[in-house]
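Two complexes, one shared chain (subunit A), two partners (subunit B, subunit C).
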Partner chain A sequence: MEMQTENGSERVVLKVEKLRIHYATPQGDVIAVSDISFNLYEGETLGLVGESGCGKSTTAYGILQLVQPPGYIVNGSIEVDGTEVLDLSEEELRKFRWTGLSLIPQGAMNSLNPTMRVKDQIIDVIESHEGKQESKEAMRDRIYELFQNVGLPNRIYNMYPHELSGGMKQRVCIAMGVALHPTVVIADEATSALDVVVQRIVAQTLVKVKDEIGVSLIVIGHDMGLLAQIVDRIAVMYAGKMVEIAPVENIYAEPLHPYTRLLIDSIPSIKERKPLKITEGITHDPRNPPSGCIFRLRCPFAWEHCVEVEPEPIDAEHKHEVACHLYDERFEERRANAFATFANS
Partner chain B sequence: MGAFSINYLVRRLLVFFLTLWVAATLIFIIPRLAPGDPISAMVARLSQQAGFVENADKIIEGWKERFGLNDPVYVQYLRFMTGLLGGDLGYSMARFPSTVTELVGRALPWTIGLVGIATFIFFTVGNLCGALLAWNRTPRMVKVLIPMSMIFTSIPPLLAGLLLSYIFAFLLKWFPQTYSYGFGVQPGLTLDFIANVIHHGTLPAMAIVLVTFGYWALGMRGMMVTIEGEDYMILAQAKGLKPFYVLYRYMIRNAILPQMTALAVSIGTLVNGVVLVEVIFNYNGMGTLIVTALREQDFGLIQGTSFILIVTSAFAVLIIDLCYPLIDPRISLEGR
Partner chain C sequence: MPSPLLQIRDATKIYYSGGFLGDKKSVVALEDFNMTIDESPATITTIAGESGSGKTTLANLVLGFIKLTSGKIIFEGEDITDMTDEQLKAYRRNVQAVFQDPFGVYNPFYRIDHIFDLVNKHFSLSDNQKEYREMVEAGLNVVGLYGEDVLRKYPHQLSGGQRQRIMMARAYMIKPRLIVADEPVSMVDASLRASILDAMLRLRDDHNISFLYITHDLSTAYQIGDQIYMLYQGTTAERGTAMDVIDAPQHPYVQLLIDSVPVPDPTDKWDVDISLPSEEEMRTAAAKGCRYYPRCPHRMDKCLVEQPPLFKMEKPKHEAACYLYEENEVAPIEPPMLVNRPMTEAAVATAAGRTRERMVAAALIVVAFVAGVLIAASREPEVVVETVIEEVQVVVTATAIAPTEPPTATPPPTAAPESQVIVPAFTVDPAGAVDKGSITWGEDTFGEIESADDRHIYTFAGIEGVTVELKLITGGRGLSGTGFYAPLATIYDPDGQIVFAFDRARRSNRGELTFAADGDYQIVVGADDRGRGVDAYTITIEGEAPEPTPMPTLPPPAFVVEREGAVAKGEIVFGEDAGDEIQSVDDRHSWSVSGVAGTTAHIRLITGGRGLSGTGFFAPFATMYAPDGSIVLAFDRARRSNSGTLTFAETGTYEFVLGADDRGRGVDAYTITIESEEG
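Now for the complex of A and B:
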């Protein structure tokens, strides 16, 4: 797999602003996604990473308008190619789905209807958006082409999902996801349930199809190593906040946010054993987040200012934002000292 | 779609015939374990009616000879089994000149019709109600009304029958109270006769439907809720499919599978309920025939009717079994 180039288009296809999603519980709302904002550029692949429960999947489902109760969107704006998704009526949203935003689901194992043939599950999405197709042959050829794009043999056309392997089901989901050439495709842990060999092949397929069809892609995952190979930019989430979003070269070479640093330092290597740098244990109560910075309880650099003021995203470079007070010009000195001590320890 | 194989078909048919053989044998043995014998009982009844029967002992002996009850048990058993194979279920002892086959032949079509139609209705209505209860787009009104209609589920079919009979036949006189068709109507394939049969069959069928459909609705609702949590439901929603299409092609289509299995299992129980309902409405089907046979200690008829009920139940289960691969592609009937 080759590295993606950073020089993408400047046209924003997906603009998420102040998206906030809560899960209602009897003890009060759990804040799953807390006012996150980011842009996705045309033709770009954006990786969304973070620990389990940090809200990365919830963000994706929020963008897709698929947050399942008791979850609900509190506020925010999601614009796809100028269309405000949150303002769509039910029928408009139904029509917008899959043509504007499509999903390659987590756990493709169970994401196909067991009582429908593979072809029928692709045909149904085409026909519910483009109407009944006259020619059966044309439809078949169109699906064959999709199969070819993702490296599936034509013989699975008439098969049922239980007759396919896990990797094949995942490819069916990819083929299905791009069938209508949507503006944005969201792949939710699309490779998590597969073994490493199949993971690599499926990830390659994903990138290849994305380039061929020319869609923008959001890949959600927690495998930083795998993501590094397929994405253009990485967005790091922590406890419902987006702490850093940066081109993939920058983030591995020089991570800015303390959390990203610890995360990158913790990537296991086959050559040496490394301790997990991030303090283990319980984070804060998601119903009552701490004041100021969300990461301050586990941050080695936190000081009084972090308790008092919540950090806003700061533009560090082009397409690179970080939400940390250390990058505030006022605290430049503190940053230099903090990193020096940290490096020595 | 699972493929049929001759191998599986043969094995499934063997099981079917084995069931019939075991059933026939039990039916042969059990009445013979009971105290008393039908001929003495009949003669005793006659003497009660007439006050005295001349040469009672001789009559009993003669009839025992006639029915072969003096032969060793294994001879009786062989005769019984060969008779069954030829479709000969012997004579009714209480209504001597009539054969059991004749009596059953007259009653069976009515019961099959009644049970078939009732099953079709309660299975369809029950599953539909269950599906609507679980669907998130069902109007609130419907979600309130369906559970209210299910209050009859816990009462026995016999009571439901009496209740319906009292209200609709006795008080309102909308439907006739007894029998499968009016006495003035000539049986035949005429519109008149068919309308009459439906008119007569409505109450018994309703009694069965009323007490059963709630059970199916609850089962279906549970299945639907499970299906709603499946991964493919989220994908169906994300795909922007039409809601009604998702309901029947993704939800009902998958939720109905365990219901079909449950239907096959419940056919035996269903027949029990039907017997009582038939008696209440004096419906001239198998249920009424069985009860008459029991009351008259008519061994031949008890054996015959029980056997035929077992055959039809086993046959229904066989059909559902063989149809299963057609509705669930994951099940195939290939030899395993």
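Now for the complex of A and C:
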């Protein structure tokens, strides 16, 4: 069913199902990503958020087939526009990167080749997929157009990465990421090392380019404030699990999962001075996760059922899923009581 | 008035790089920065700004990792650069640090208790094992942790938040007065940050420990900060309480910064796109005047002339450095307060036995002076007058100060001393410059310094930017290593601020002073640090005298020279052989340069073989104007370099205008080299 909504179309461009990624260690496997499933719709910007070590970057690298040993994909399916990425050969995969899926990496300063001019790095990306280009002028114009898309001046064409500021380097990475008009672009903490004004410029650039070129975007980050500004939906991960995925307006107005509530509550405000809300971090061993719900050791609402049964994603609303027993119809009364008690305490 | 814990006055830090034969490049990381943290109640003072704003430089200066280029850092009344080893040791105890990376500071092979053992060893907290264990437990409890949960663990078994709190506990055990926390939460997950901030609040409120909280995260500053300083390129753009500044920012940069902090509300999105000028513009155009000029939406011509001072805003203590508020009062820089150093028993006895009359001259001066002064005596008079000092006022005070009295009132330093005033004994050369010369005083002349309350005051003219060497000799003996047997002498600038002191802490009878402003400087000489009188001394001041300034007013621009075509590798050379020189402050040489958009030119200016050296500026002022008349590059005193890079934003004729140097002296030869890649 094709239907236009506020947040883009209903056409799924990326379908991730039961993706599971482990890291092998001498003491046993660490479960980095635990059977996560989600859809990315055409033209959508999806934020993937969680604390360090929650598996958000590993998920991205899994989708891109870039998981490095000792990490490995245990099972799952990743479909981009109907193509099963996990079935592609090395050669096909190489072609698929940049055109089907591309990455804007974390810390642009380290991902550009310091010995190559900016233009040569972009030409490299284009020619590796489209072969040697005949016209130098046409190539230059194409790169100038990319520069224009990301708000870079043409004069950096001949420059080396060290001559650029952090914000400019990050924009060069964005230009490379969209150079071949991929279906899905994944931006991994693309703005987190930047100053706040530059961060704003880069984030706005990212959204503008996405709209102009018509790609779908996954933004990985930990800054809930920044994500509120630029994404359409947010997927919240905790210890390798996806605990909630929802339209951005819903998740800030009424977070459902207790962990999402904690995340939203712990965003420090610059509008209002509030008492600090103190919580402890992950307390379980990632090699040996607790039974039942992954969050139950930190959850103020957990009861026996959470110890026994692992919650499955529940459809709360359109495009809104939450993995928490409290939203199971059977426990509606418990939910009402729990939240009332919590609000009073 | 609360007494200050930490005072930073006119702190400037310049990093130099390169320059064996060529020109040194310098980066001004911090410029004329002023700050006061009160002793009580303890506060959290936030230093915020983007990378390169100087905030980490400031942290490193306060921690003593690096030294100031100029200015003062005064902790509990003691200038840290003048501290003795013992005082420094105490200072390091009193000022602790917590760093950004909660992973890097731990040795992964040791359990957590090892960190506390090291502290105990280093600071000798307790020999008693039981007592020591209790101290560790108490420290951990303050930050919300328990020994049994963490002490036997390895660092990797703890969260970033726990690790940062352990660093706070460690700092707490040493019972410091101040903790410098450099981005303590930025590497810690959002949901765990609150625990660290809470630990900071507890240390502040329950244990009277102040924080210098260095961060780029304005929201945490807003939640827990008391005062905030917003830095921009090494200067304070705005300061005030965190609430006032963040709720109602006044400086255009701070407004943009706060508007750019992403609001965690999808219904309140950024409404406008912003852009930044190119890197080159940001660096070069701000060489003089307001650093924010190239980016500022409200910029005015006067912003290029001089760095704006901090103007007072409506709320108390809220100040912004922007000419938009020039009708407001300029915020005064509080004079530094130095405390009375402990006197030797003998000195205390002598001082106590003396009559105490109040000297009228600036109580502040007096206090600082006394603070420094009391030392020992010398005999043989020696008098030399070589060259001179204009209008040296010799003021021999008959009576003086109550050295032990606290600085309750602060009469202006201009008040006339209740004393015998002897007018200039010597005259000076007409240039009025500080010249090679000395002030010599001895029993053959007038009165000696007879008691701890006696003062000799000399006035001399200082010229901005000139550096003089100072030497104080008493009866042939100098100030030796630890024993100080010379009069204490202090130099005050025209505003009454102490800019130099020969005192016990100095441990040298020599020094150097660069005048920050033109005007009358005063040197006040008193008894030695034992309170004994001094009957002869010589103060020698050696400085480079400015050349006499011929100042005939000549008609404007002598001529215009065209250089054709694009900027290419080439030179504009001008010298006395070529014809007219820059003869006066009103003379201008104007050169037209064709710039090609996108081309970057490297421009170097050399005067008569000399470039612009570090602090002394002896070259013509030169300014480059874009075709639309805006200034794109300026060689001036603020630049402190004779080279610059300029990327032409548009194709057209750029004007390069040269004038006299910053002393108003003419220039008779110069070379401008322009090197660039063809566009």
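Observations on the model:
In this text, the second predicted complex is superposed on the first by the 328 of 345 C-alpha atoms of A that agree within 3 Å, B and C clash if a C-alpha of one lies under 4 Å from a C-alpha of the other, contacts with A are read in each partner's own complex, and residues count from 1 in each chain.
To be clear about the criterion, contacts are C-beta pairs under 8 Å (C-beta built on N, C-alpha and C of every residue); 3 or more make two chains touch, one makes a residue touch a chain.
Predicted, not measured: the structure shown is a model, and the values here were computed from it.
Because the two structures share subunit A, they can be overlaid on it, and in that overlay subunit B and subunit C fit beside each other without clashing.
Once chain A of one complex is fitted onto chain A of the other, the partner contacts of A:Q68 are limited to subunit B, with no touch recorded for subunit C. Of the two partner chains placed by the overlay, only subunit B lies in contact with A:H129; subunit C stays clear of it. Applying the stated contact rule after C-alpha superposition, one finds that A:N288 touches neither subunit B nor subunit C. In the superposition on chain A, A:Q27 makes contact with neither subunit B nor subunit C.
Once the two complexes are laid over each other on the shared chain, residue contacts for A:P114 go to subunit B alone; subunit C is not touched. By the document's definition of touching, of the two partners only subunit B reaches A:P105; subunit C does not. Of the two partner chains, subunit C is the only one that A:I270 touches; subunit B does not reach it. Of the two partner chains placed by superposition, A:S89 touches none, neither subunit B nor subunit C. Measured by the number of subunit A residues touched, the leading partner among subunit B and subunit C is C. Between subunit B and subunit C in the chain A overlay, the least Cα distance found is 5 Å. Contact residues on subunit A toward subunit C in their complex (touch as defined above): 51-52, 151, 153-155, 164-165, 167-168, 195-201, 203-204, 208, 222-226, 228-229, 248-249, 252, 262-264, 266-271, 273-274, 276-282. Per the touch definition, subunit A reaches subunit B in the complex via residues 64, 66, 68, 93-99, 102-103, 105-107, 109-116, 124-125, 128-129, 160, 162, 173, 176. By the touch criterion given at the top, residues 230-232, 234-243, 245, 249-250, 253-254, 257, 327-330 of subunit B touch subunit A in their complex.
Those residues of subunit C lying in contact with subunit A across their complex are 50-51, 144, 159-162, 189-195, 197-198, 201, 216-220, 222-224, 243, 246, 256-258, 260-267, 269-270, 273-276, 278-279, 598, 600, 647.
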